[in-house]
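Shown next, in structure tokens, is the structure this report addresses.
The letters A, B and C name the chains in turn, as written, and every chain counts its residues from 1.
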Amino acid sequence: MPHIVVCFKWVIDETYLRRAPGGGLDFSSVDYKLSDYDRNAIEEAVRIRTALGGTVTGITVGPPEAAKGVKDALSRGMDAGVFIADPAFVDLDPSQTVSLIAQAVRNHVGPFDLIICGEGSGDLYAQQVGPRLAEALGIDCVAFATQISLEGGTLTAQRRLEGVIEVVTAPLPALVTVLPEINTPRIPGVKDTLMAGKKPVRTLAKGDLGATGGPRLQTLAVRAAAMERACEKFGVEEAEVIRFVDALKKRGVLA
Amino acid sequence: MDFKLTEEQELIKKNMREFCEKYVDPIAAEIDENSRHPAEVFQKLAEGDWMGIPIPAQYGGSGADYLTHICAVEELARSCASTGFTVSIHVGIASMLILLFGNEEQKKTFLVPLAKGEKLGAFVLTEPGAGTDVMAATTTAVLDGDHYVINGTKTFTSNGPTGDTYLVFAWTDKAAGRKGMSAFIVPRGTPGMTAGNHFAKMGLRSSQTSEMLFKDCRVPKANLLGKEGNGLAMAMTGFDHGRTGIAAQAVGIIQAALEESVRYAKERVQFGQPIARHQAIAWMIADMATDLNAARFLTYHAAWLKDQGQPFSKEASMAKLFASEKAMHHTIKAVQIQGGYGYCKGAKVERLMRDAKITEIYEGTSEAQRMVISGNVLR
Amino acid sequence: MAVLWIFSETTASTKELLGLGRELISAVGGSITVLMGPDGEGREEWAAYGADEIILLPPLADGLAMEAHIPVIAAAAAEEKPDIILLPATARGREMAPRLAQRLDTGLCSNCVAVRWSGGDIEMDRVVYGGAAIQTVKFLTRPVMATVAPKTFSPPVPEEGRSARLRELPPLAAGTVPGVRIVEKREKRRLARDLTQAKVVVAAGRGLEKKEDLALVEEVASLVGGEVGCTRPLSEELHWLPTELCIGLSGVSVKPDLYIGVGVSGQVQHMTGVRGAKVIAAVNRDENAPIFAQADLGIVGDLYEALPKLITALKK
């Protein structure tokens, strides 16, 4: 019976972000949520466990306040949690997050068959932790799966690339990142939430794990995207219509 | 002082929000238009344990506190006031009264299916001649061997046509006055009990309301809730819980009115700028947000007192009075802000305004609340 | 002087990366290397587009996917130490780049939308918080790595007569073969209409004179890979389109990358359902139509004149 590890992140709910005067971001009224993409990852792990048995362990890195996220994640059907917590664990580089999770998986989680990650996090959406983690643990990686199954020590996954669908197999243990279309995450019931607090959570402090190395990227600024739309107007002459199409292309919205 | 919900309460509230966005928002206008009871939504509510939040797990509920239930009602009402109300009266009055006053047998037989959401509860008190003046009721229950025989006509029964388990109030000893009324648990299908005329209402349209007619309706003695003569006292306890739910419903309505107003005021341009920049509109929104906070704190406080095991009758009435009157006031403003658009069918504020009105009327009118509050203050 | 590597997956993305690469290299001097599969198909073009060197990767065994090149690329990069490595932000690129970055223990800017030099450092912009904000990053490690959002940078103008050195990378002497095997490959089918999932939505409004004219709107939609939606009057009053395609307060909300309102006046009841669109575009003959106040781009003109021209321009 498989042991599945799911990675998840407690993120800022972007619907509460406001534009601050001067073009920055106003975080004063933000709320947090379990990253939407990770809900699919958890759902998929729980779906497999329901079919095959086994256990699902969730793992996250964050500041102590993310404890609520651990509870949220557990309310979605996982069996146990590993919470790597420290006030300093905010805005970590993907490489640092991966270093922490890889150490925790190696030293505190025990043997596993499959790691499932969402396709990216709901806040920074760098889409790095999954594939980097596979490398850090030296296991095979299948990204952007739309369907997965386990049988006899093999992962079979369907993945979506531009214009083509690939079905691949990989020996376990392996890591897979899943696209939102893979399933419809449940909305936890009242009892699921109440029971989540009673599930075992192992909290690992900074000192329980080794160094992560420094950040590889430095954020220089985060500023609000232009939310008010300033309409650029075009005429109806042929040259103007072509300029209009080019403007759409420039914005990267024409497939 | 601690103004924070617990992690569980917050998560449950968030989950209810998500539930509403997925299952309630898409149909709210339609069930209002067609006066339809959304059985499919109640099925989903039952699956998510939303129909018995404060009922202990041993009786089929979730075993959470009353405030958690109140948060759920608020979120439901924010999407659909009718659905929020149906859950409120089912849990807050029908189920809570059996929990508080029922014997073990009654809890097993009637409370468990209610708390699991398999059955829907109804509260049958009001009569054509007895609204706020409960003592003017005429329905009687006469003991005949092992049965009580109920005769009379009840009206404005919420969940009347859709209910399964009815709490019926009738005189067992009219001469005993306030100690002469009793309550009975009457399951749907009991011969002699039928739903009469359905009411077509201005608002709260998907909640089903009807007369309930009792003609030689024989109810086993075992279905007497609590002691004979205790009916009125139990009804008052039910109201304390129910009114907190109506307050939550009104809070949900104000929240929705505020959201609709903010959204529209930022988008609607008149005189060259979004109307939100016109002070007349901005101040309406400021008042809305302020009253929303006040109403919510009053409501949560009443529920919190209940969870602390303290008396909360006065506070429930205050919360209900304040929240319902503010809901009416601000939904009118929300329609005003959206102008002609807000007055048309299909605009959410139009439904909110019609739904808000009932919160000032049922489970005790604003006037009745003022009687309770002044009675407490002037005691 | 900087050495810039580009991993080539598709022709279109490689041209765009070369466009960006040339912009970067022209500022500081240096060279551009394109790494590509062993068949080298189309490599002649890369020189004209700015490549100074082509590296052919060793052949892959049957059933191995492109990601199987990772160990060879990582080993070569570790040895040759390029300053910058760019990959396309395609599904493949978005998997390969972080894996390479992990092997090279370096930082990666995912889905970068803008690049510039700033005092000898490269700065990049990327979109965060679901489109609500732009994050600017600089790199503390080398090589600088990025995946680049498709259609963000233009291909350079080809220069005839340029040539590029060609070399081949040998397979790794000792390396573990990845376990991932492709067992089936198939072209994607077009999905059934689901407005809420569509990347592009073209909405028809009252500006259309008759039902048959929807064909124009549908043609635009199919050219941009989008779905057709409509305003309430078209579905609820005229019944030209099914109710499911009605967008707005009383219909569905959509969140496409691109929304184009055709003959849509821009009433808030409709616009509220498209606020989540990344880019809002409009075609309307009334310059004062409210939609222009809520759009990013708009053609002011008769849709019966604009749409045929738009169709021609899109076909190019």
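Miscellaneous remarks
Basically, contacts are C-beta pairs under 8 Å (C-beta built on N, C-alpha and C of every residue); 3 or more make two chains touch, one makes a residue touch a chain.
Quick caveat, the model's predicted, so the values are computed rather than measured.
Think of the whole protein's Cα atoms as having one middle point; the chain whose own Cα middle lies nearest to it is A. Chain centres here are C-alpha means, and the one lying farthest from subunit A is B. If you compare A-C with B-C, the chain pair joined by more contacting C-beta pairs is A-C.
Averaged Cα coordinates give subunit A a centre that lies 40 Å from the centre of subunit B. Subunit C has its Cα centroid 21 Å from the Cα centroid of subunit A. Inter-chain spacing, taken between the CA centroids of subunit B and subunit C, is 52 Å.
Subunit B has no residue in contact with two or more other chains. Shared contact sites, meaning residues of subunit C that touch two or more other chains, fall at 293-294. Contact residues of subunit A toward subunit B in the complex are 33, 67-68, 71-72, 75, 187-194, 196-197. If you check the complex, the residues on subunit C that touch subunit B are 249-250, 268-269, 271-272, 290, 293-294. Subunit C contributes residues 10, 65, 67, 90-92, 94-96, 98-99, 101-103, 105-111, 113, 123, 126-141, 149-152, 178-188, 199-200, 224-225, 257-258, 278-282, 287, 292-302, 305-306, 309-310, 312-314 to its touches with subunit A in the complex.
Contacts from subunit B toward subunit A in the complex involve residues 7-8, 10-12, 14-15, 18-19, 22, 47-50, 53, 57, 62-64, 68, 72. In the complex of the two chains, the subunit B residues touching subunit C come out as 29, 263-264, 267-269, 341, 346-348.
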